[in-house]
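Two complexes come next, and they have one chain in common, subunit A, joined by subunit B in the first and subunit C in the second.
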Partner chain A sequence: METVTITMKNPPALYLEADNVSPDKFAGKTGSQIAELHVYEGNTTSTLGKYFEVSGNAGATAADTKIVVKGDVKKVKYLGMKMSDGELVVEGSTDLYAGAWMTGGKLTVTGNVEAFAATGMKGGELTIEGNAGNYLGAAYRGDWRGMSGGRILVKGNAGSDVGMYMLGGEIVINGNVDVHVMTHAEGGKVTIKGNAKSKLGGQLVDGTIIVFGTIDVMMPGFKPVGTVELEVDGAKAKFAHYIGDTGERKKKRKGQIIYGNLYKKI
Partner chain B sequence: MAEYIIKNGHVFDPVQGIKGDKADVAIKDGKIVKDNEVSSKAKAIDAKGKTVMAGAIEIHAHIAGPKVNVGRIYRPEDKLFTYTPKKGNIRMAGGFSIPTTFKTGYEYAKMGYTTAMEAAMPPLFSRHVHEEIRDTPIIDEGAFPVFGNNWFVMEYLKNNEIENTAAYCAWLLRATKGYAIKLVNPGGTEAWAWGLNCLSVNDPVPYFDITPAEIIKGLIEANEYLGLPHSIHIHPNNLGNPGNFTTTLDTLKLAGGYKAKNKFGRDQVMHLTHTQFHSYGGENWGNFESKSKEIMDYVNKSKNITIDTGNVTLDETTTMTADGPFEHHLTELNHLKWANVDVELETAAGVVPYIYSPDIKVCAIQWAIGLELALMAKDPMRCFITTDHPNAGPFTRYPRVIKWLMSAKAREAQIKAFKNSDKVIAATHIAGMDREISLYELAQMTRAGPAKSLGLSGMCGGLKPGMDADVVVYDFSPDKPVANPDQIEAAFSRAAHVFKSGVEVVTNGEVVNNGNKRTIWVNAKVKENPQVMRDIQEKFLKYYSVSQANYESLGHHFVPNPYAIEVDATQ
Partner chain C sequence: MTKTVTDVVCPFCGTLCDDLEVVVSDDGKQLTEVYNACVIGTEKFLHSQAKDRVTRPRLRQEDGSWKEISYDEAAEYTAQMLAKAKKPLMYGWSSTNCEAQSMGHEIAEMVGACVDNTAAVCHGTTLIAVQDIGIPSCTLGEIKNRADRILFWGCNPAHAHPRHMSRYSIYPRGFFTGKGQKSRKMIVVDPRVTDTAKLADVHLQVEQGRDYELLNAFRVALNNEWLPDVVAGIPAEKIREAADLCKSGRFGIIFFGMGVTQTLSKNHNIDEAIALTKHLNEFTKFSIMPMRGHYNVTGSGEVLAWQFGFPYSVDLTRGFARYNPGDTSTIDLLARGEADAMFTLGSDPGAHFPISCVKQIAQLPSVCIDPHQTPTSGVSKLHVPVAFCGVEVGGNAYRMDNVPIDMRKVVDPPAGMLTDEEFLTKVRDRVKQLKGLA
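After this line comes the complex of A and B, so read on.
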């Protein structure tokens, strides 16, 4: 695997749209060709090389390409957008849409990400070592197709609207989450190791929410149906089981109504 | 103005009966002229080995106004990754199924379309419609105000007052700068305000005590009383439901016995739109099947009817119609977001996104039905190609529809690609059809035919000297066999040259000029009718949320470059 390192040297005055920073876009290119890829700053189109120092060459394919992003990229959007393979490591924190619509590969952010990370994600692995912003693994504005595959791990906390319109895949948050979890979701699983606030599973059609800590306010559309023992990450524990959202339309499978599930550790 | 002579192209012009012969087309002062009437300074365009036609005419699309804008506002995902930046005098443009006004103008022009009709203008919001038409560059446009659920119309027709209905229609066309009398689910949309619908032509409209059949016949009579350029333009009852072909036949039969009365060369008294959505058999989605044959048998023998197809393009799109109850029905089926609007005394509208997936049997059957209608048409001058943009697919897919119509091989490939291919073949006629639409028939279905139906045949849709110089050159050779049907789609997607009223607006598939766009409307004069004027005044005082003075679309702001077609019904 070849490694390309891009280091922020000339920070933008406005926010930078860098959707070309992905193993797919870099694949088969030399360092100087990569520096020529376009970025947008406001309504101006310029090149990656204007802001970043590029060292190393990419591999022949996305799978053979690793990208390391260094320096202050807090004002850079769309890192790893639509990546399908290979590896991208962001050393630090980044702005909106990190890993949006990614279909494969591994994206690691050692700091925090802003809102809409992994929007419409279909596959691959996203690891956020710091905190995630709002709308993690959600659908794009207006869309009804949120995260449908892959895995997201947040080592810190996450903001509001995690997994909105989620269809599949898995999100694990080691810390706490803000309001609205899996709103409108029709599949997938969100595990919250810390505490949750309110509006978990509002209009949930199908899918699973697991909470280890506290829930401030339960949705009235969720109905307690008993306790179960679950194994999560190799550890067994007892959970109170709720089904819902009973106010939302429900699918049927083999004559049985399918509910979404919410488990809260006892 | 610049002079042009388009040399040695293969010309297809149904107006003059030219079927691909090599001929020159000369342009001077915005009009087509005889070859010898241009000076030696005329710029020569070499069209050797290329196809030359008049500018195409869109007879039915939803491209301007509040319902289109609701789609734009509530579907940001439709715009995602579609924007192209400003370049010279070409504005930033984007959107797929509900493009910006600018993109609408550019995309029509690039395909060789020079005139388009907005198919459903809510009269109360005509100002919004005209602001969007004004901001749609290049193409000439008109808009059809909706009448089929209008309180005035229902009250007059209940008492069979044709003269009053006609006077009201004339007033509304003038107030809204409208082009024709449009009906959408007559009576059914008003019933929707009561939570009901009219699924047959005989279902009574609540409160008004009138049936869709009475509304339709009454408006045909009012239309012919006025002698408008276009006939009534109808989206009949019971759209989109299995088994609805009987309602469609019942609707078509209402035109029986009526004869067109106008000075525009129009022969039909009814235009039935997006016929694909109205040609369904079966009792449910399980045994859903094509009834295109039953519909076309009736259309083929009825010379006083024209139709357009409403071809499904197998895309993700946005449905939008003044058929409010239908959109509610649709959101219950696909669970996607629903917008619904009531328009006071006049109409309503709904919007729902829709995905026509080639993996879903019903969508594939709908695809087949749309093509069957065109392939079964015996008179291409009475059957026009539309996608009911954006309802069955975006208008930007016309080149793909043309490919399917012109190539049995392309249809075969698509049928094979369907997930439920065998079931689709069993429920349709498409697999056995080997007809391929010729370029001449295409010119009839997209140029001369819609022009005649709209009463514009003196102005556009042909290449006869004296007509507007709307001319298209396609990089498509009628002489050479088509090795790959995708060549058809590519050629019709990006015209080599497009002239709008004598101005070259597109060169090599790129927009080069914003042209001189006009708004076409119909100014119908009727005898003074104090009763109707008093009724209008009273309704504004009693019911409307705006005053009469704030209702009309007037002046330069709304209609900066009008082209009024005068109709005199005072005699």
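After this line comes the complex of A and C, so read on.
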């Protein structure tokens, strides 16, 4: 695997849209060709090389390409957008849309990400070692298809609207989450190791939410149905089981009504 | 001698009352009296007659004082500012006519700007929800003639839309609502005992920030499912009764305002409210309508949507329209420091935005186009006073139910003053030259 390192040397005055920074776009290019790729600052178009120092060459395909992003990229959007393979490591924190619509490969951010990370994600692995912003693994505005595959791990906390319109895949948050988890979701699984606030599973059609910490306020549409023992990450524990959202429309499978499930550790 | 102009349209709130009578002097230069309007609408008309009105553009000087300049100089300044900026923000649009909005969008497209209207801090969340799940709505006329179940959720028309209840929703005797108020049941959901709530048959005093839970509980009640004893501070029994009251009507309507669009859950509140409306249609006829604030904020959404495909927070910087509130919305652009020039027309962000955003406006190159002296003109580098839309110039505006209404000119503006559209046309022509498009 070939490694390309891009280091921020001239930070933008406004914000930079760097949707070309992905193994797919870099694949088959030399360092100097990569420096010629377009980036956008407001209504001006310029090249990656104007802002970043590029070293190393990319592999022949996305799968053979690893990108390391260094320097202050807090004002850079769309890193790893639509990546399908290979690896991208962001050393530090980045802005909106990290790994949006990614379909494969591995994206690691060692700092925090802002909102809309992994929007409409279909596959691959996203690891955020710091905190995530709002709308993690959610659908794009107006779309009813959120994250449908892949895996997201957040080692810190996450903002509101995690997994909105989620269809599949898995999100694990080691810290706490803000309001609205899996709103409108029709599949997938969100595990919250810390505490949750409220509005969990609002308008949930199908899918699973597991909470290890506290929930400030439950949705009225979640009905308690007893306790179950679950094995999560190799450890067994007892959980209170709720089904819902009983106010929302419901799907049927083999004549049975399907509910979303919410498990809260006792 | 004076003359009376009838059927005047009021350019204040989204109710867009069209039955005003205005008395003007014989030469058509002075406006003396206003009939039928609410107190706010009356003031709007009378304020055009203020003696201390600014009638020429003013440019801020180094020492903070204003220097009077000509409209041509103001257009030059505005065009230069917009053409030079990398990400200019063109905000406002809700208190002007559709013609001026359209002209503004032409400029925005040429300079690659972000265009946003006041929905960004108002009913923008409604528009997000509408895009997510659609909206079963109707016109105010249908409500007047048919509605017998009226819900006001998180809004206070008694103060914000003073003639709404008398013209459309509660008191009028319509075709199928001949007994007026007596033929209607009124439910108000509000954490406060507002003057609207005092008139209600049922007042659900919801806990602050728990509207989403309460809306959800209504839907659970409609499905006859289990409910906790108390939801959002309201006993389950009372929620089931209110849900039954909605079901028993022939035609119901949910009106909602800032109390749900800009509190916790925002677009999800509206999403759930629309879902509830849809749900109620399994039992009876139900509609839902946002209580739009500015008289032509609906029009701004319409014009933006038919020109760029999105109703607010449109980002044209890359030459095509993009839309994602949170990224392309005004508050975020200002708070995050993404914009490098601020253009305001027909709105007063200085009075309504978070102080961090107002400070940002003060630091940027900025133009404020407004007939009044406002907190926004106070922090802007250039203030361009224009004729009062709906008073000194006509044009098209959209009522809160998306009905377009042509406004009427009743008096002349002070001599030499331009309208929004005339000034924007000057700016457009100059931008065209600067961008090499003319």
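Operating definition for what follows: the second predicted complex is superposed on the first by the 266 of 266 C-alpha atoms of A that agree within 3 Å, B and C clash if a C-alpha of one lies under 4 Å from a C-alpha of the other, contacts with A are read in each partner's own complex, and residues count from 1 in each chain.
Note that in this section a residue touches a chain if its C-beta (ideal position, glycine included) is under 8 Å from a C-beta of that chain, and two chains touch if they have at least 3 such contacts.
Remember, it's a predicted structure, so these values are computed and weren't measured experimentally.
**Student:** Based on the superposed arrangement around subunit A, label subunit B with subunit C as either clash or fit.
**Tutor:** clash
**Student:** A:G221 in the overlay: touching subunit B, subunit C, both, or neither? Say first, second, both or neither.
**Tutor:** Second partner only, subunit C.
**Student:** So in the superposed three-chain picture, is A:T44 touching just subunit B, just subunit C, both, or none of them (first/second/both/neither)?
**Tutor:** After superposition on chain A, A:T44 lies in contact with subunit C alone.
**Student:** Quick check on the superposed pair: does A:G142 touch subunit B, subunit C, both, or neither? Answer first, second, both or neither.
**Tutor:** Once the two structures are laid over each other on A, A:G142 reaches both partners.
**Student:** State whether A:G247 touches subunit B only (first), subunit C only (second), both chains, or neither.
**Tutor:** So A:G247 only meets subunit C here.
**Student:** By the touch definition at the top of the document, which applies to A:K199: first (subunit B), second (subunit C), both, or neither?
**Tutor:** second
**Student:** Is A:Y15 contacted by the first partner subunit B, the second partner subunit C, both or neither?
**Tutor:** second
**Student:** In the three-chain superposition, say which chain, subunit B or subunit C, touches more residues of subunit A.
**Tutor:** C
**Student:** Which stretch of subunit B would you flag for clashing with subunit C, going by 27-35, 279-287 or 333-341?
**Tutor:** So the stretch of subunit B that bumps into subunit C is 333-341.
**Student:** Taking the two structures together, which residues of subunit A meet both subunit B and subunit C?
**Tutor:** 43, 140-142, 144
**Student:** Quick check: in the complex, which residue numbers of subunit B touch subunit A?
**Tutor:** 74-78, 80, 85, 335-337
**Student:** For the complex, which residues does subunit C have touching subunit A?
**Tutor:** 85-87, 111-113, 128, 131-132, 210, 212-213, 216-220, 222-223, 225-228, 231, 264-265, 268, 271-272, 275, 279, 317-319, 323-327, 336-340
**Student:** Can you tell me which positions in subunit A touch subunit C when the two form their complex?
**Tutor:** The touching residues are 13-15, 17, 40-44, 77, 96-97, 115-116, 134-135, 140-142, 144, 179-180, 183-184, 198-199, 202-203, 217-221, 223, 245-248.
**Student:** Provide the residue numbers of subunit A that touch subunit B in the complex, in ascending order.
**Tutor:** Listed in rising order, the residues of subunit A that touch subunit B are 43, 45, 139-144, 249.
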